[in-house]
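In the two complexes below, chain A is the common chain; its partner is chain B in one and chain C in the other.
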Partner chain A sequence: MRVPETSVLSDDLVRDLMAVGQVDVLVGVPTLNNAGTVTSVVRAVSAAFDQYFPRDRTLLLNSDGGSTDGTPDLVRGIRHDAGTVTVSHRLRTEHRISAPYHGLPGKGSALRQILTVADLTQARAVAVLDADVTTVTPEWIAALVRPVRDQQYDYVAPIYARHPTDGLLISQIVRPLMRAAYGWEVREPLAVEFGCSTRFLTHCLGQDIWTSELARYGMDLWITGEALSAGFRSCQAPLGQRLAPSSPDRPGFPDVFAQVVGSVFGCLDVHAAYWLSRTGSDPLPVVGAEFAAPSEPPVVDAARLTQTLATDLRELQDVLKTILRPETLAALNEAVAGDRLDYTDALWVATVGEFLIAHHRGIMSRDHITRALVPLYLGRVRSFLSQYSAAAPADVDAALESLCLEFERMKPGVVAAWRETVKR
Partner chain B sequence: MFQMIADAINQAGVNFVDALVRLLPRMVTTITIIAVGWLIAIFLRGVVRITLGWFKVGPRVERVGLAASLKASGLPPAESLAGSIVFWLVWIGFLISGIDVLGFASLQGLVSEFAAFVPRLIVAIVIFVIGVVTANFVWRAALLAAVNSHAPSPRLLSGAAWWLILLVAGAMALEQIGVAQTIVMTAFAIAFGSLMLALAIAFGIGAGGVARRIVEHAFREPDRPDPDEVSHL
Partner chain C sequence: MTDDPLWYKDAIVYQLHVKSFADSDGDGMGDFRGLTTRLDYIRDLGVDTIWILPMYPSPFRDDGYDIADYTAIHPSYGTLDDFRAFLDAAHARGLKVITELVLNHTSDQHQWFKEARRSRDDPKRDWYVWSDTDEKYAGVRIIFVDTERSNWTWDPDSKQYYWHRFFSHQPDLNYDNPAVREEMWLAMKFWLDLGVDGFRVDAVPYLIEREGTSCENLPETHDVLKFLRRRLDEHCTGKMLLAEANQWPEDVRHYFGDGDEFHMAFHFPLMPRMFMALKLEDRKPLVDIVERTPAIPDTCQWGIFLRNHDELTLEMVSETERAYMYDEYAREPGARINVGIRRRLAPLLEGDRRRIELMNGLLMSMPGSPIIYYGDEIGMGDNIYLGDRNGVRTPMQWTGGWNAGFSSADPERLAQPLISNPLYGYQAVNVDSQRRFEHSLLNWTSRLIKVRRSSHVFSRGSTTFLHPANHRVLAFLRTLEAEQVLVVCNLSSTAQAVELDLRHLAGMLPIEMFGRSVFPRIGELPYMLTLGSYDFFWFRLRRL
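Presenting the complex of A and B:
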């Protein structure tokens, strides 16, 4: 076992890993006060090791950010077979380690520790899970690991079974923007769960990203973007429905929005050399059978959203006129002037594109730029839901596909503006 | 009698010519200093503009919101403004040095006073620029936070924060250059006190309902669902 000289691993963890030796499959679970949900995740991992990888050397690594609710003790203490029906018997020992991570607080440091351990133990396949999720099953782990172990994929992004009007921040900004930029049709670019190969994780560990701002909030997006832009063999794996209970400690929506959209824009900055010359988009292979999406749309009461957009727009004119082109701002003002808000695809795409360029140019604090987009996004959501909240899922899917294509049509203009900035 | 008058006039003429002879070289020196100073000031103005251009100060100034403030105040872009400030400081320095050479008793000591004033002026300018940058940043942050949290009157809140910071920065800058210190400090204290009193009255009595909504919004129970809850992620 080759121990790196400057290690992000503590001496205790290295000692534990020496005892473990090489592994075939490693599942990493970053945690921070997840006592309420981590048990079901750990049991699902144990069951997956038993059912799907009985002949493999396995390791469950819990990278903890300093939980005060006893999460690491829970991870260590859960019996392998408690609450699960074992249908096959393991031929090898399942190792389980819980260790605190060091460095900047955030998922980036936890991921770095997990990937470093995987590199050190020469794991053939790695899966990373979110400890918040209550619907993790052994099949999730199998779906993320098998394409890497058996089909030589380097990166596996998840596909969640959800109604097309669920996850609007993903479907209105993240997915279409990432698709238009990177040229790959990834259903869930914000991959909280993913699988990867040693080749890919070694590449990731070599990148100068782990101490940046992006590492705190944007690693899920960066991992996807890095796999696509660096040419690693990637695919998608259907996992099923993903449910995570809402936490009272969660940040407010504007903060979440700023983190997610700031991370997308940040990733595009990092990977500009790749995507500026990429044209069109190709589907990313799907490995495994897709799950049926829930037929019922999420309960939404968006009636209040429109009432505020006109006011918010009026209040933010001074900020928006430094970000948006005059014609875009005029079109926006016109869109909110009538009784019925019609925030069209073309106008929304122009808005996002101009915010992206403003973010790239850094015309003001980047956090302010992303926060100024919040009211516009809520207006767009309201406009979209007023048209599609009662529509059939197939119609919503068609509308989302049309939005993605609109983003692709916008790309040449954004590329030209981006290159113009570089010249300046 | 006539002889005395003629001698006096003659003496006055001699004195005038003597004075002129003594003053002429000084005047030539003064004009030379002023002219050379003007050329040096022009040169330094160019150097400052080019240097700031190299370091891309323009986009940075635009980023912190200072460019918009300069434009709104009818001032030139930051590089030109900095160049002009350097030009005038240098040229006024040479101008005063030149006048000092003439040796007028009432203008004695101007150079040393100006030399002592320049650092204070520079510090005052820096304080004010930092104040404007901070005010712009806080104004935007407050405006966005208020809009995104649906707080009432976002522009009023952010505008009040902007004026408050600018007022403090302006008072500090004026105090630094020693312009009517007592008046400035008294005016600042009265203005600041009035503003706070006005806000307290407006917030507590005039807009009690708004105050209650803001406090309720700030301290609402965390697990109460938002009325506009939408599945975003």
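Presenting the complex of A and C:
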């Protein structure tokens, strides 16, 4: 089978879709070697179709990146759970397609295939799930789809039930930076799961993003940013706790950090025309009742934090001199020199802001820039946890909110520097 | 008229209400003399069996299902001689006639009940089911939920409660009493000796009551029915008993026994699923119920139908399915009654000719003997405001003239008002005008029946569903010995393409049965067909 260069959908997939026809609810599940976890996700989707969308024409589309562990066969072969709705009383035929995606390896190509199928089948509402997650329930799908289908939202971001010290990469950089930039209080801007409307997905498909570097690692962020910057009606839906087992194939932390932060910075490049003129921040509506956060804080990988920031700073001085302003670097050196590292909010925010500008200006390899931030981030985390690891969740929440506001205070300076770059 | 003892397996039945078919004496109510004048019409339609709704003396509180005398004709319908003349005329035209046998209950105006309630010692007392309290058989479901609050009603005369599974004026007979069984056999014998070809037996699951049960489908009920069947078989041959048992297929199966109970039974669960599949544009509900239907004895047959004189029953569906059917087919609350929808075929399908044709195509090709409800062959409408199920029992619309040609009476005197709205009214929808143009629904239905009759594969063949990827297409093979027919139906409002796996039939030529067009020979590759909105094909497969 020859697939034309510009085709996102293979002939086999098109043939399958001809049989499916028009769809009301489409759930997309990108996979790559998820045989250990995909079964529960597929079952949850099937149960959701039965319980929450019994009259809708539904499709589960598994967009697979070339799994070698039998994931696609598993997806196709999973039988309906007999413990729920009696199969004979299900109104409609259940459609489930597993198809390989083509193009750039990574999430972007999978998403593109899912959204293209949704567009072709005129799906009224789309939800995308992560095949790695072991806590997916039918209610997740309902929470992501219903605001689109019933309340005409275009984009639904999830809210996970997290302990405040969980997901520090999100809470220390991604969330506050995206909030300050885009002006919306999105709790999980990097979420894999989301829901969206036909209107939004058609818009996304028309953007020139799908073959960019951002498409490899940053599509989740870009989707969020695109919804907010293009003015699509957006909301958040509480899903509950999100647990995914660590994969032995998962890249090391510096690689993950570089992918995430590089994607955040890349999104800000793409959406600059929007956020440069946006001021303040507004809460994004929450649809549905929130879940109680776990009371136990997550176990922190202490080994990762024991690297001394001082040593790293010394080694990175030359690099940091080109990235940071002199006063920021001086403050950082002073903070590290003390007995107890106190990487304050103001200092951290300044650090991130200046790295962002450096990244935007491309003063050196962008990958080098983001990787240079890794030890500073780890230092910041160590400093934050030394104050808040034993604190009450409410206090941690307050601290994180304070951090967000600090990022917002920083924004005018970033905007000015950004615009200065443009003039250059 | 055929002498085949299994004639009912090939029958195409026309169900009608004498009251609403044709009035000969201008009293505003149909009668047997009027019906007799219309037998040519029925014959020309292509059917071969007539099923008449109850024609017995009755106070008409349940449109004749409340019987006051089992061996007479209601005076409004004529005399016994009129009935004999009708029967002879039908037989002369090759038409068999089956009448109603209401076993479960009588009218409270029946002489038996009048005597039974005189006193607790009356010989007829034990012909009915009595109790000092209304607590016996607790939990048994109420069937007419819109009007009844209990299956017991207090009789102030004899100071006891009597049992009734239907209206309170229809007390249940006590089939634990041998005298009741014998008397009902005598009633059957009366009509059989006159020449009727069989009975549609009303409400059979409820004959016997036992504490701690649902009082439905009990083994003792089957004993009663087997008794009546034995008497029938001892007395005559070539007759047919058709069970009305609104139950799941596996429960109805028991009413066939080992070929020693009913000859036929209605397939109630199939009917709403045909409507469901159409609205969902998904074959799933239909395929599921047919595949769930157990095999029946070779001498037996299912009776399948789209509509009848009752509400479109939604008893044998799940709650989800029921809610869906109400929302899709009965948005007006007035269309809902008991657990069903009181609408005719055409209004249910919004007068859409294509959907009406498709549903009739399904009716004529699915396994079973099809039953056409009078008036549906011309697309008659209904009147949900007439109360009870009367809105689907309005006068037959013969012409666009005086009283639709049904009666010469003053219109105000008609027992039932005519349908007169611009869409379905008799001026727009009537036999006369449809006879005048070749492509009317009437003529199309007649041609459909003719094609169905051209092969016994539809009436006696096996059914094998194909499962193409396109769920909007229903495809199945009907096979009888060497003969095979492929049926392909597009349940969708939009054009569809479908690939059928027919490799095992490679080499055969599909010949479309209505126009006899030859289609490409079946090969090893998937057989591609395209169908227009609500289109269907019947292909005779031949090796040439």
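In the analysis below, the second predicted complex is superposed on the first by the 403 of 424 C-alpha atoms of A that agree within 3 Å, B and C clash if a C-alpha of one lies under 4 Å from a C-alpha of the other, contacts with A are read in each partner's own complex, and residues count from 1 in each chain.
Simple rule for what comes next: contacts are C-beta pairs under 8 Å (C-beta built on N, C-alpha and C of every residue); 3 or more make two chains touch, one makes a residue touch a chain.
As the structure is a computational prediction, the values presented were derived from the model and not from experiment.
Of the two partner chains placed by superposition, only chain C is touched by A:Thr93; chain B is not. With both structures placed on the common chain, the touch criterion links A:Asp16 to chain C but leaves chain B unconnected.
When the shared chain is aligned, chain B comes close enough to touch A:Gly362, but chain C does not.
When the shared chain is aligned, chain B comes close enough to touch A:Asp166, but chain C does not. Within the superposed three-chain model, A:Val374 lies in touch with chain B and out of touch with chain C [touch as defined at top]. Note on chain A: of its two partners chain C and chain B, the one contacting more of its residues is B. When both complexes are overlaid on chain A, the residue A:Phe253 reaches chain B alone and has no touch with chain C.
Look at A:Asp312: by the touch rule set out above, it reaches chain B but stays clear of chain C.
After overlaying the two complexes on the shared chain, residue contacts for A:Leu329 are found with neither chain B nor chain C. On chain A, the patch touched by chain B and the patch touched by chain C do not overlap at any residue. Contact residues of chain A toward chain B in the complex are 165-170, 190, 246, 248, 252-254, 256-257, 260, 298, 300-305, 308, 312, 315-316, 318-319, 322, 361-365, 368, 371-372, 374-375, 378, 381, 385, 424. Residues of chain C that touch chain A in their complex: 276, 280-285, 288-289, 292, 318, 320-321, 324, 468-472, 492, 494, 496-498.
By the touch criterion stated above, chain B contacts chain A in their complex at residues 59, 62-65, 68, 137, 140-141, 143-150, 154-155, 222-223, 226-233. Listing the residues of chain A that touch chain C in their complex gives 15-16, 18-21, 54-55, 57, 85-86, 88-93, 95.
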